[in-house]
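The same chain A turns up in both complexes below, where it pairs with chain B and then with chain C.
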Partner chain A sequence: MPEIFIDGQAIQAEPDQTVLQAALANGIFIPYFCWHPHLSVHGNCRICVVEVEAKGGSWLDISCNMPVTEGMHVLTDSEEVRAQRKAILQFVTLNHPVDCGICDKAGECTLQDYHFAYNGSPSISRDAKVHATKFFDLSKRIVLDNERCILCSRCVRFTREISKSHALGIENRADHSLVRPAEDRRFDDDPYSDNVIDICPVGALLSKQFLYKARVWYLEPTPSVCPGCERGCAVQIWHRRPEWRLNALDPRQNAEIARVTPLENPAVNGPWICNKGRDLARIFERARAEQPMLKGKPVELAAAIDAARRLIDEARHAVALVSNWGSNEELAAFKQALAGRFAASFVKRDRQPEPGERIEDDFLIRADKNPNTAGARALFDDAPAALPDGADLVLVWGEGCDFGRLPRGAKTVFLGSYLAPENGHADVFIPVSIQTERRGSYTNFAGTVSPFEPCFAKKPSVADAETLFAALAQRERATA
Partner chain B sequence: MRHLIPEFEKMKARYPAGFESSLVLPCLRRIQDDRGFVADSDIDGLVAYLGVPRVQVEEVLSFYTQLRRKPIGRWHVQTCRNVSCSMRGAERLIDHLRKKLGVAPGETTADGRFTLSTVECLGSCGTAPVVMLNDAYHENMSAEKVDALLGGLE
Partner chain C sequence: MTAKPFKRKAYWNEAELSWWERAYLFEILRGLGITGGVFMRNMWRWMTGRKGALTTYYPEETRPDYGRHNRGKHVLTQRPDGRAQCIACNMCATVCPAKVIEIDAAFDPDDPAHPKYPSRFEIDYSRCVFCGLCVEACPEDAIRMVKEVPDFPGADRHRMWLGKEELLGWKPQSDVAKPYPAKAGGAAKRGPA
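This part shows the complex of A and B:
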């Protein structure tokens, strides 16, 4: 292991590390725009410059492309380095519009941070800024502001090295260089395209769905798990901070998903997620079912629970279809409290691939579009093609059940979260909370358990499945 | 471009395997020599032949102003407008050509005979101003010499 000295501090580096990697691994910060831990070294932004000290004199060089060598001495904050960084930032911002006031990236922008840390002075150029396209339609989901772009090429390398769509390139040269999509518009079909928004160090690549929606400092992230497929990528669900909640303006926004970004988890998804994970609002913000019902007649939650309990008590051959969108905790609660009261309990596949959706690939996307199939299968058997005849009660938990195919004459207890015609047809309908309203964990296809946290409060008329199962399990005598 | 593939095969032998993207530039030059410009169908053909991503071909095409995506006139008049030529009257020469041909730089005459372009340094500052007519250099140019040069062309 080569020993190197960064700012006089002795560091044991790995032989294949660069100076930048060794520094970051040991808590010494060196700024970088174009370097990214999961992409190839490009070395175009020059901001990671350091001073190398040697006997014959010292020199400046970029640390992202500098292999460590035994005994080397490096300064990350010398006067020369500071002057160089400042000069580089003058160049980086030469044609930058500095329109932070209307930029979605403001508050989490690397250029903004570095400007304050290493430059701090206005542009010294007397020339007019070179203008470029402000709203270039890069794909269906992404808009590109070429004036803000610093041409670090992270997005281009992402499409070549990670998503492999080879959908982006840099056209023209010099100060009229532009990031552009391939003319066949294949970037529209890159299911991982939105990751370039996260890795863009400036506000050049912007999500159309998040464009001008919120200032990021009004938002906070809640760690969660993407339920889009059995991969179970770690994500952060961004929503309004409680201290900045809106009262008069549009209070609905307080309980809305502002955006979804990946949460780095090397065991599951690395730092990436697919575009479906960005669109969780399309799943979670469908019209919610919040009214307990008996055959379509609205009742109090307690009355619905009583009615369901009575049906379970009276049934002689009850069958349960459990949700593979249920958390491990909910599934365990069902197993422990209720499974003994059912003749059989089967795992139901709540959701199928949507038309046009990428079914499966060799990167992240898995064919089973449910988050906890593995967790559910660990406790229950798969549902057979047709339920056994003679069932006189079916408890259906979650979506994806064809009520027309249930045994004729069987009573139904339905635990659902979204408005659907079958809610009113069930003998008992009890609305249950969704992932963003409760704590829990999913087990992905490889057996990795990932926890998620609640970010919104559920309505009082909506039940939490975990407590609901305990309530349903009580015999009628016990409640009396 | 399919008829050029035997030539491309010979060029390919000069590159190590796995360096197909290095062939993009020489192939594009050959295609342009053949057709006069690089058509969209040529890009598709080259992508299929070399197996490189289309965007890499597009990058090369846009990087080099010498490569064209659209047909041009029979005679391509390229006038240098860099420092030496400008100091020796290139701007006046461009104005003259603009009036004579009735088109702005980057445009082609309606009869399809001439395309006027301005270019950066042609590397012949000692004989400025320089005009390129198709592949030939014409040095120490003036309005009269340009008139004589273009006058005899089809």
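This part shows the complex of A and C:
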């Protein structure tokens, strides 16, 4: 364990650490653009410069590429370092358009923060800025603004080291350098491409879905879990802050998913997620079913619960198909309150892979496209190919059930969240809340439990499955 | 002679009344005389076709003597082709202490110099405090305040919004601070001639 001194403070560093890693691990901040904890060291931005003190004098060097050595003395905030950082920021912004006013990154931009903290003066260059391509389509999802790009090459290294698509490179030289897709590869084929938007330290790589949708300080993140596959990556769902609620514009903007970003979780996904996780709005913002129904006839929620309770009471051989999109808490509530009333309860696979979707790879994406299969299987058996004949009541919880294959003559109680033709055919249909409206946790395929928080309010006519099961389990009361 | 003992007032401007004032009736009648006199004078002026009190009969009448820097209502300045100067950066909406400005931004691929523009720009005048911080925050001189007040008295406070079309109604013939130079070529692309 070499001991090094950063700003006079003695630090026990790991032998294979660099000065930057040792400093960050001990709470000393050194700025960096091109360095990224999960990517290789490139050392092109020079902003992490520090002063190394030695007997024969001192010199400036970049800390991201400097291994620690025993007894080394480093200064991170000396006069020379500050002057050097200022000069580097002048250089980095030499051709930067400084169009923060219309840049989606503004507010969470590293360059903005560093410029404010370490430079603070306008450009001293007398030369005109070099203009480059604006809004170059890097893929169907990502647009590149070459004027804002500071050529840190994080995106290029991401495609080479993490997603392994090798789809990006830098062409031309000096201030004509451009990030471009490789000639023989399409960035569209990279299922992890959107991560480059997050790791871009400036606003050069922008999401087309999110382009000009909202300034980031109007949004807040809610920690959640991606339900796209059984990996269960930790994500942040960004939505409008309540204090910035819109009154005149489309009120739907107040309760919609603005964007989804990864939430770093070393046990599950690291700092990455796949593109499907970015498109959670496509899953959650489908047309919702909000009306309880008896055979297609709209009724009050309490009446629908009463009817379902009566059906469960009267059934002699009831079967339940349990959703593997239910949280651990809901599944436990079902097991505790209702499972005893059913002859058999099976786990149903709610969603199958969509056409064209990447099925499985060796990085994050898993073949089972449901979030809580492991949690559900711990409590219930897998569904057989055909339900046993003789069942006179089937409780279906969640989507993905073929009603045509249920036993003939059996009554159906359906708990669903989205508009579907089956809703009106079920004897009792009760709308239930979705993941963004409730608290809970999922267990992923490796047994890691990840919690999620609610970010939107549910409609009063929609039930929470966890409390609904307790209500369904109550035997005949005065209401009967 | 003994000095009168100091008496603390019950409140800071408690009146010290003489016996005549304490008698009440005479002073009340004098006050009624003053009020009635002013009323009669104004009434006489009104009946003879002149203006009585200083009251401005809003909204039929607005005062001509607003100060030059009166912050009356907002206008959105325009580019030579009639589009809004606004780049939808939301600085005004962010700085607004009453949070009354709401902007929907849109992407214009045809104009790489101004790719972001406001598709909607709404100001709620029922909550606006007319502080002018939006004008100060604007990096593009896109929003200004003129001395005239917004002209919508109404019974419904939820309908006191002005949209982009109304705010863009300001068309100065000449403006020293903003000379509206006609751009070569590109000006005829869109908007009114």
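By our rule, the second predicted complex is superposed on the first by the 475 of 480 C-alpha atoms of A that agree within 3 Å, B and C clash if a C-alpha of one lies under 4 Å from a C-alpha of the other, contacts with A are read in each partner's own complex, and residues count from 1 in each chain.
Following the convention adopted for this analysis, a residue touches a chain if its C-beta (ideal position, glycine included) is under 8 Å from a C-beta of that chain, and two chains touch if they have at least 3 such contacts.
Being a predicted model, the structure only gives us computed values, none of them experimental.
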Sharing chain A, do chain B and chain C clash or fit in the superposition? fit
Contact-wise, after the overlay, does A:Ala367 reach chain B, chain C, both or neither (first, second, both, neither)? neither
After the superposition on A, what does A:Ala267 contact: first (chain B), second (chain C), both or neither? neither
Should A:Leu211 be classified as contacting the first partner (chain B), the second (chain C), both, or neither? second
Which partner does A:Gly101 contact after superposing on A: first (chain B), second (chain C), both, neither? second
Touch check for A:Val130: first (chain B), second (chain C), both, or neither? neither
Between chain B (first) and chain C (second), which does A:Arg173 come into contact with in this model arrangement: first, second, both, or neither? first
If we overlay the two complexes on their shared chain A, which of chain B and chain C does A:Glu183 touch? Say first, second, both or neither. first
Figure out whether A:Leu249 sits in contact with chain B (first) or chain C (second), or with both, or with neither. second
Once superposed, minimum distance in angstrom between C-alpha atoms of chain B and those of chain C? 26
Which residues, counting only chain A, touch chain B once they are in their complex? 160, 166-173, 180-184, 186
Which of the residues in chain C end up touching chain A in this complex? 87-91, 94, 99, 102, 104-107, 109, 112, 115-116, 120, 122, 124, 139-140, 161
Looking at the complex, which residues from chain A come into contact with chain C? 101-102, 134-135, 211-213, 215, 217-218, 243-244, 246-250
List of chain B residues in touch with chain A within their complex: 53-56, 58-59, 62-63
